[in-house]
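Both complexes shown next keep chain A, but they swap its partner, so chain B is in the first and chain C is in the second.
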Partner chain A sequence: MALTLPPGLTPPEVAFLCEMELVTVIPRQRLEGLQLLGGPTVPLIPPHRTPLPLWLALLLKRQNRANIFPPPWLSPSSLDAILQLETSSPEFSDTPPLPRSTTPVSPPFLPSATADAPPDALPYHWLELSTLLLEAASDDIPSADHVRRLLRDLREVRMAKLRAGVEVLEGGREVKMNGVGAMEVSEGRAFIGGVVDGLRKLGAGREISRREREGEEGGLGTGGEGDNEDDMEY
Partner chain B sequence: MTSVTQRVRGRPAHPNGPTFLTYTPDGTKLITAGSNNVIRVYSTGSDGEPTNIDDCQENNTAVAASNDIFITGSEDGSVTVYSLETYLYERLLTRCTLPIRDLALSPDGIWAAVASDELEIKIIDIRDMNNVLRIRDLPKPPKHLSFHPSGSHLAVSCTDGAVYIYSITTEDPALSNKFDGYIRRLETDDERSSKAIWHPDGRAFAVPMATRDVQVISRDGEKQRAFLGGHMGDITTLAWSPNGAMLATSASDRKILIWETKTQKVIARYDYTGVINFAWHPRDNIFSFVTSEGELFIYPNFLSPDNAQLLQKSLQPAPFIHDPLSETSGNARKTLTNGLKRTPNDPPKRQGTPNSLDDILGPESAGEEDDFVEDDDGAGYSDEVNRYGKRSYDLLNDYEGPVPKRRATQQSWEPSIHESFQPGSTPWRGNRRYLCLNLTGFVWTVDQDTHHTVTVEFYDREFHRDFHFTDPYLYDKACLNEHGTLFSCPPTTENPAMVFYRPHETWTSRADWRTQLPAGEDVTAISLSDSYVVVMTSTNYVRIFTLFGLPVKVYRQKSSPTVTCASWRDYILTLGNGPVGGDGSTSLLYSIENVKRDEVCQSEDVVALPDNTQVQSVFFSDQGDPCLYDSTGVLLILQHWRTPGQARWVPLLDTKTLERLAGGRKEESYWPVAVAQDKFHCIILKGGDQYPYFPKPLLSEFDFRIPCTTAATEDPSNPATSEGPRLEESFVRSSLMLSLLEDLVQATNASHSQKSELSRREVDVDKLLLQLLNVECREGEERGMKALEVVSLMRDRSGKLLEAAGKVAGRYGRTVLQDKISELAETRLMGMDED
Partner chain C sequence: MSYYSISAILTSAQKVPCTFDLPIPNRGFLDDNPGGDIAAHTPLPLPLYLAELLAVQQLDNRPLLTLDLPSSLQPRVLNALKADAKSVDLRGQEVYFFEGAARVLELLEEEEVGDGLCEAFKKRAAEIADHARNARGGTSSGEGGEFLRGLDEWERGLFRAAHDSSKAVRMWMGEVKGAK
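== the complex of A and B ==
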């Protein structure tokens, strides 16, 4: 029997991918570099700040062997500024700029959650990353409750924007989705996909009738193409 | 302490109800206002009838006066200005919808702060009532207002039980501090008081607490001394004497108490019922108060003669637990050596009045020839011109610490010297301070009056265990490393100075030791390395002990007085004051020696410091190179220090050019902690702080950047323009790092990893040059000569990089350059360019 999962990634899968993001930790004890499949990690010497993948950082944090240094954008003042921007403009706020580097980097592994991350932009994995950090390392994040509240506001504002964007699809126009995070894509996928699909069906019916009308008027059978499209749809 | 029995006669001034009074700043007039529609103005020194002003509102709730006007506020919400020359109504200053609760005039008499039952405080310019500053963000109505003696801040006692301090120097008053949990939540019309009142020295204020005591709080929010156990009832009002030497309080237990600020003891008690407001005469021994029956008491010769002399004193300091101005312990340096230096925290200075007497008389009038009264004992009877260029008795000035005697009146010249300090320590703030703060951990101490408690915490919690002990010796310096902690305490009357070392791990039952220094010797700085303990003393001795307390060496330092020391393994670095330079300050000299080999590496060499710059910290990097951080924010490292005469100070980082400061919005300074792993570790201090404080601050790290050119502006659209300068800077930096490592490898039995690190760094420098060549080739044909020079700088042991350089030139089609590079490669190969 086929697995009845919706298309795309499920939220736990997105969160799993997010665990490859790098965060900065302040180790509380020594640890030699580990030879891992994803490459060797940096040796940990307290109190030097060290970038580690999120999953390892969370593991060490849960065992009380390290403190996680929250990324600069996860502070009340930065989130406040981003929220202001989100509520005042119809577009999504900008993504962090790509780091200047000679080696090519791909979005899931940008250093966008380390201590050097820009404070004024939400990275691709902002929602799941902040949720994980707030869950596991809320004592390392200054005024965690305020941050939680701001994150919820941000999420609501952005989801509302995403849904509002769907309205313009009806006119056959496109929605600009720059700056939408991974979890938002995964959440919105079912809804937006459904809307687009429904619109396409409605549009297809109208298209067929238009073409039939054209065919009747012109007398030439261009309906074959329409039939083909029909076949593909159902 | 005396309970005074002689009573003065009350004068019926107003009917029953809240009554208020104030003196004019010159002390000539006393103004009272109460619940009837008469305001009375009494002249000091005359016992006659007061001048009455009938043209006023009823139910007055506040009064404030300057020398020529006074203002009253009333329950109907109006604030009125009256003239003191004509005793007539002058104008309405403002009107609020709810009753006025307090008025305050700024010390210069220009601004009137108005608190009413509204949630807004208005600060109105008396000369132009349209010029209004508003404080709008109060959660509940304010009850009391108090202007800072400099006029730059306003303390607001709010009905929500918090004291808010607003900075009012800007158009938009900004909240600078909030102190919760000291005062009670009182309604605005409550007879009890929650007034925060600034001490005249401006560094602290006093608040009445629910426990019927008065607590002094310094501006940084620390609890200082308290006036305890005087009253049996709730405090109704309080006031500092004009010079801050005494505090007067009255309470519902029918008593007025006079406290001495210095000892926080009651020095006089007066029994009067229902005192709700009082005022000190600004100069004389007169005290006036009003009762809730509306009676006014003017009490001449209020203080007994032995207490009255307290009034004659000059401005007295606020009761601090550890007065930051009178102490020079730890890292705190006195800046009084040659005149007073302005610190960034000073309130804005008052400018001299144009055409004032001093201006007309010229500077001679302040000279010593007409100073026929010599201020021999600092009692303040000779009228010295203070730092604002005004004669004294100007209570608007901040207190500046115990003034060195005859500072301005004597012509004796003294060089300004570098004060001794302990790297990594902070001065007292409240009752806490850090004794040592480094990458291993931190040592802090808490003053418990009779003893201190010392806590040592580590960053590495697995390797070390935090510990804590009670310290009867009052240690004031400490050093911490991975092997142990070193403490030292100053000498007391019965005990000489002592050094105490406590190793972190032992295999015998006890390994800590104490050594007492010879009598009369004080410790000026200590340092601890992996193998030695260094103690510098006030008699200019450098004492070196082993880690087990065995004295190895004692010698007298050539440059004196001593400043500080640092050590790393067998090397010790000592700093001292050398000869006096042209700018009137001593130059700072350093010596480095190897204790084990008994070798002097650098002897009395000069620390390269610009004029008027202080050393903020000295330490060794984790690679063992001496580093120095100065007060201009530059981090220096000593290069080639193992060879005598070769050492030089190289700037590694200028914190003023950091990118995070580029916007000019942030005002922050950096407190150096360490140089490790090719990074500068520091603590970021915001808001004009000079030292880190509790809770434990986070360490930040910055990459080095040698100041080569003006900080390259980041231009994201065209990264190529900034690449050249960036590469050039990293070339200088990597060459420096390479030479430091070369020195280290040559001087020690270098491990294999160090040697491979060395060759890796050599290749890195060459790679940087190759990138630089790439940039030069891209720039164009005309940069060919510079490109060739870049290539000739390559060390290139293998010859491969020169080959690569030729290819780079070929790729850009610079054939001439390519030929020249291959020529160079050939000469190198033949070993012909050795000169």
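== the complex of A and C ==
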């Protein structure tokens, strides 16, 4: 039989990828640099803030060897501002701007959760990262309960937007999904994919007749475009 | 539409009203008249797999039979869907309502029907998403039970997908809490 896992990543897999994100730690003990497959880590010298991958930071935190410095967006004031933005606009709030340099371009290599991350934007892994941090390092996060409540509200608002997007789907129209986080994609994929697939099947007959009409009217001009649409269906 | 898809097979067993335009000899058994002929212009419900093939056949440049909209796609149902998509019991009409409709619409050029169905599908999908996130337990419990019982097979699939993925996220969050 077919593979029983749904297409796409499951929540634990998304969280696993999220653990590659860099966070800032304030070490309590010295630790030499570790030679890891992903490159050496910075040696830890107690009062200096150091960027470390989340998984290592969580490990050190559990062993009480370091404190985690929460990313600036994980504070009540910035979450409040983002929530205001989310409730007042039908679009998702912006993702953090890309750095000027050319090399790091995708989420695990962007400094979106370190101490110098922009405070006014939710990064790609916001939901997983904040859940993990709130569980393992809630004593490092100022007013953790308030943050937790705001995050829950944010999640509700954004899921409602994803759901509302389904209603405006139509052949030519699109739903703008910029800024949707990894966990939200994982949660919405099966449903949204199913709706789009259903609409495509229901509209298949009309699509063919429309294309035939266009072919008759436009002749060669629209031929190339029609071919492209054909490719898209597979 | 996969060869091995159970839902496609069951959909193709749905009956569609057809009318033979020509007299067909020796096929009376389709019309409860074994051994006899089918007279021209006899209305006859045929399963979709048969009607699909016969509708595209031609004999001397004349179509063999004309398809009609099945009872589940009559204006009565479509108007009800237009008025309030969420209150129609589609399962009562046809277990594979949307899949059957998609198959029929491939054969018939009924733009208005197609538009109406797409619109209804979207509205109901949004409602399904709401129920899937909030539902506790099976499809029978809660105030949305009436609506959820009226879902056709496609929509049940959607409900299950939406419910499973939000459950997976909740489970992951529970695991994070448990690991501490």
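We adopt the following convention: the second predicted complex is superposed on the first by the 197 of 234 C-alpha atoms of A that agree within 3 Å, B and C clash if a C-alpha of one lies under 4 Å from a C-alpha of the other, contacts with A are read in each partner's own complex, and residues count from 1 in each chain.
Here is the rule we use: a residue touches a chain if its C-beta (ideal position, glycine included) is under 8 Å from a C-beta of that chain, and two chains touch if they have at least 3 such contacts.
Predicted model, so just to flag it, every value in this text is computed and none were measured.
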Touched partner set for A:154, first chain B, second chain C, both or neither: neither
Partner chain in contact with A:164 - chain B first, chain C second, else both or neither: second
Touched partner set for A:11, first chain B, second chain C, both or neither: second
Partner chain in contact with A:209 - chain B first, chain C second, else both or neither: second
Touching partner for A:183 - first (chain B), second (chain C), both, neither: second
Which of chain B and chain C A:68 touches, first, second, both or neither: neither
First (chain B), second (chain C), both or neither touched by A:47: first
Touched partner set for A:136, first chain B, second chain C, both or neither: second
Greater chain A contact set [chain C / chain B]: C
Overlapping contact positions on chain A, where the chain C interface meets the chain B interface: none
Complex contacts: residues of chain A adjacent to chain C: 6, 10-12, 15, 131-132, 135-136, 159, 163-164, 166-167, 169-170, 183, 186-191, 193-195, 198-199, 201-206, 208-209
Complex contact set, residues of chain B against chain A: 439, 458-463, 676-677, 679, 698-699, 701, 716, 719
In the complex with chain B, residue positions of chain A that touch it: 26, 28-30, 45-49, 65, 69, 97, 100
Chain A-touching residues of chain C, taken from the complex the two chains share: 98-99, 101-102, 105-109, 111, 114-115, 117-118, 121-123, 125-126, 128-130, 132-133, 154, 157-158, 161-162, 164-166, 168-169, 171-173, 175-177, 179-180
